[in-house]
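Next come the structures, one after another.
Next, two complexes with chain A in common: one pairs it with chain B, the other with chain C.
Coming up: the complex of A and B.
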């Protein structure tokens, strides 16, 4: 009984937006579950979608740490994603034009270092610029990166792309043979439409755990970083850069650190993509990816990490959901432009009716015990900061 | 390809870029945000002209190899781009109070809506105006220049439009008000200028020129739903090189960026191994360098 009361309390503590989001996630999950049980949704494909959602969530987390926390308008998300993907692909693939055949872990390290170096290279000229100039300049430099990947055939194999990328866990002791070792299952819940769980399913399950680790680690690192004194300086820069300078902070250096951190997380999404798709091509650096990620972040709420996660799921739903529409014959046109249209309408609606996003940051920037402390012992406000660190 | 021909091509491409950059610069200075939907406004103009030209046909005679009907289509294309921009301003931008960055992000959404609708209506494939391709002008071939009468028509039409804009800005009441507003919107407002009306006129002129530029781009290359968006970054490069807010700077920037992007093969002729595939990349790098060294551009005043 008391457990139920806890839930009721928890529910009424949420804002209306949070209640709405929780409700629609529950509804969405129920629809997916029905799809899975009735066999309308292939479990392997479903896990693939979860992997894509995790990938977008990673990029959204990265962009959120740049735009949401430091106010940097980075329109080169696709370039960093591509660097991560190509870095991993060129290091690990056995048919890569250069390098190739290394362990995926080494590929991960090299791809992330490459992204960090490129973030510094792009950041040095652009981070001093005014906000809207930064947007244009970063979009331009992302195009330069895409053109390099497309045209430097001797390194990247050009428009042919890179094939033969191993799975991330190939060569690991137990995990490399895990999908083959697992028994093929056939679950019959509704007669006539059995659910088959074979080797591809278990392979996808491994991929999902990989992206879950990536997302979880990034989320924890970012949450810790943004609650730290370092994160507070970034938020000050976002709201008033002159103030941060007046307080003696080297804002350029802080912005650079935030830019590099976010870009490395975007590259992490690229590394995962290379090992999920097993094929990368210059098309993956298309600027549309950048705008998908932007939609995820502004929809979720700038500066809100859980908003970024939520936005990532919504974007994948739009991206993949419109593919299903092609199966309906009564729609007289290809549904690819519909995706573009929906993304556009979504951007305009969010900016018009809820520019702060659906899940704007609430308590996540504050230590939890700081909130509790202030509620129970308000007098502590007067002489010391509850839970905060005073030696900033 | 001779250098002279590259210069001729540069001139044609510059004419199209100039038409696009003037509008972007006008809107940047008066509506005060970077309009990422500007490239797709050009696409709107091009496709409106395509439909009109299909409906009215050639209308008898022709000038410079272009039937009269094409010029009707050109006017309709420019007008449609202006109408679409006005509707967008009235329905979306005007009611938003979210600062220039918010407007910038919104305009990306608007760009996707334009492009999505065009792609739904016309498909993603390339199309062409139903005009017979011409042979290069005979007497220029000995000089190594292969241009058609269509190309000449593009350059002349663009020059007429730009000249008209110059007269409008310098010698009419509306032009003076627009320049006043670009200079200082608050001051213009307290001097009794109806700034909202001027903003609307800015959209009409900027989008109209962009629409015309889109039609010419369709004539010069082909029509595709992505044509405008692909050109957008080059237009930004032109506007930034010229100096944001300076209309004459935008003309100069459009001319220079158009020339540079078409003259890229000269680099290989003089032994620098940068191929034609990097012509856009060169323009973008120039843009970033200008932003760093002289953010006010060539013609911009220090602010």
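Coming up: the complex of A and C.
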């Protein structure tokens, strides 16, 4: 009874946007569950999609900590993703033209450091200038990185890509043999369409736990940073950099930190991708990734970590979900190629009807322990209507 | 300085800084801000032409002049937003000429802006909390290595913000969105926030422009109160009544250089000032 009351309290304390998002996630999860149970959705493939969603969520979180926090316009999401992917691939792959054969952990460290160094290099000349200069420079960087990867064959193997990347947990005790050691299962819920859980499934499960760790860690770091005085300075810079400067904040340094942090998180997505796909090629650095991630952040609500997570998942759902639409015979045309159009329409609709995004920051961002110590409760922004009370 | 004693029961940090200001006055330079021979031109336009003046500790110094006299340019030069072509700026005995704005602020010089700056997505008290300088939580690493220090400082700052909002009698706005309050209230919040930075000298750029008469009076009272507690002010204002009732001395600027300096009475009766305002030039 009391637990139910707690839930009711919790629910009515959510804002309308939060209730809506929670509801649609629940609905979507139910649809997926039906798909899994009836055998319409292969569990291994489903986990692969979850991995992709996690990867996009990471990139959105990274971009959100640049654009959403500080207002930095970064059009080289794909480049930092690529630096992460190639960094990890070249460090760990047996067949890499340079380096190769190192432990994936070392590959992770090197890839992230490389991304950080690259972020500093691009930040030093541009972050003192107006915001648009960073946008232009980053647009250039994205192409430069892609063309370097494509043409410097002696380092990157050019258009052939890098093969032979080990899985992240290869060489770990227990985990490296976990997929083989697990018994194959065949679950029959509906006759005629059994659900098979074999080695590939467990392999994918490991991948998912890796991306879950990456996303979870990034989210926790960003959440703490966002609510801190550090995040507050960034949000001030986004609204009015001169004000922050007049109050004694070294805005150049803050912008640099925000830019490097975001770039490192994007590279983290690349590292995961390298160990998921086990093959990277210059095609992975296509600029379209950058724009998918921008759509995810704007859709989710700039400045909101949860929004970025949500937006990343929505974009992957649309991108991958449209593949299934062709199975519905009553749709008289080929729908899969329309996914770009659908994403375009979606972003237009969001901008028209909810320009702040679906799940913008809902509450005051003050260090949580400090606000608990004060006599007043954390407040919602009053422009966010609570969903529970309708008697106003 | 006897005013300080009468407000002695209004507690804590603000008070102690005020007392420090009183007791340590002998060690600190009497001149908080010294502008010497400052020059700035934009292309062919000379905006600041060898301007020299001083702001004494504990005063409310007014900076007036006709439109285009170069008042805002001087503010930007002093606070580091513009780079000067020559001359020097000294805050509290330290040369800050052509330093970055944050470095000037570190010396205790804080400024406000002519148009109130809107902070989207923040409540008033969040916007207030940007004020305090050198918060431990502004270091990314400290957030994870020493969250207790962050928490302690944040709690203290939150309490300070609440107290200052109460002193300004706008504590009812604390949890309002910072973008939803009136222009005059924004000016009050801006002044209140600047006080959280504990400035030695506060530069106010047209503090009552576009503010209704009632709030105008409140702002004047607040500025006087803060001045009594030890903050030095330099303010640009077009509203003569406001400046003349509040500021002493007043510096008159014309065509980028200092025309004269004196008490409000001297200024109001000076022929050169009158002709400058009527467009006669010098």
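The rule is simple: the second predicted complex is superposed on the first by the 351 of 392 C-alpha atoms of A that agree within 3 Å, B and C clash if a C-alpha of one lies under 4 Å from a C-alpha of the other, contacts with A are read in each partner's own complex, and residues count from 1 in each chain.
Just so it is clear, a residue touches a chain if its C-beta (ideal position, glycine included) is under 8 Å from a C-beta of that chain, and two chains touch if they have at least 3 such contacts.
Keep in mind it's a predicted model, so treat the numbers as computed, not measured.
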- [ ] Give one of first, second, both or neither to describe whether A:212 is in contact with chain B, with chain C, with both, or with none.
- [x] neither
Open item on the list: For A:243, using the defined touch cut-off, is the partner it touches chain B, chain C, both, or neither? Pick first, second, both or neither.
Closed with: second
TODO: Identify the partner contact of A:225: answer first if only chain B is touched, second if only chain C is, both if each is, neither if none is.
DONE: second
- [ ] Could you look at A:140 and tell me whether it touches chain B, chain C, both or neither (first, second, both, neither)?
- [x] first
TODO: For A:98, decide between first (touching chain B), second (touching chain C), both and neither.
DONE: neither
Open item on the list: I'd like to know which partner A:128 touches here: chain B for first, chain C for second, both or neither.
Closed with: first
TODO: Using the superposition on chain A described above, determine whether A:14 touches chain B (first), chain C (second), both, or neither.
DONE: neither
Open item on the list: Taking the superposition on A as described, I'd like to know which of chain B and chain C A:341 touches: first, second, both or neither.
Closed with: first
TODO: Identify the partner contact of A:26: answer first if only chain B is touched, second if only chain C is, both if each is, neither if none is.
DONE: neither
Task: chain C - residues contacting chain A, complex - done: 79-81, 100-102, 105-106, 110-113, 117-123, 125-126, 129-131, 133-140, 143-144, 147, 150-151, 153-155, 157-159, 162, 174-177, 180, 193-194, 197
Task: Residue ranges of chain A in contact with chain C within the complex - done: 221, 224-225, 228-230, 232-233, 235-236, 238-240, 242-251, 257, 261, 303, 360-361, 364-367, 369-371, 373-374, 376, 379, 381-383
Open item on the list: Using the touch definition from the top, list the residues of chain B that touch chain A in their complex.
Closed with: 33-34, 92, 95-96, 98, 100-102, 104-106, 108-120, 123-124, 225, 233, 236-237, 240, 275, 277-278, 280-281, 284-285, 287-289, 291-292, 295
Open item on the list: Going by the contact rule set out above, which residues of chain A touch chain B in the complex?
Closed with: 73, 125-126, 128-133, 135-137, 139-141, 143-144, 147-148, 150-151, 291, 294, 298, 333-334, 336-348, 351-352, 355
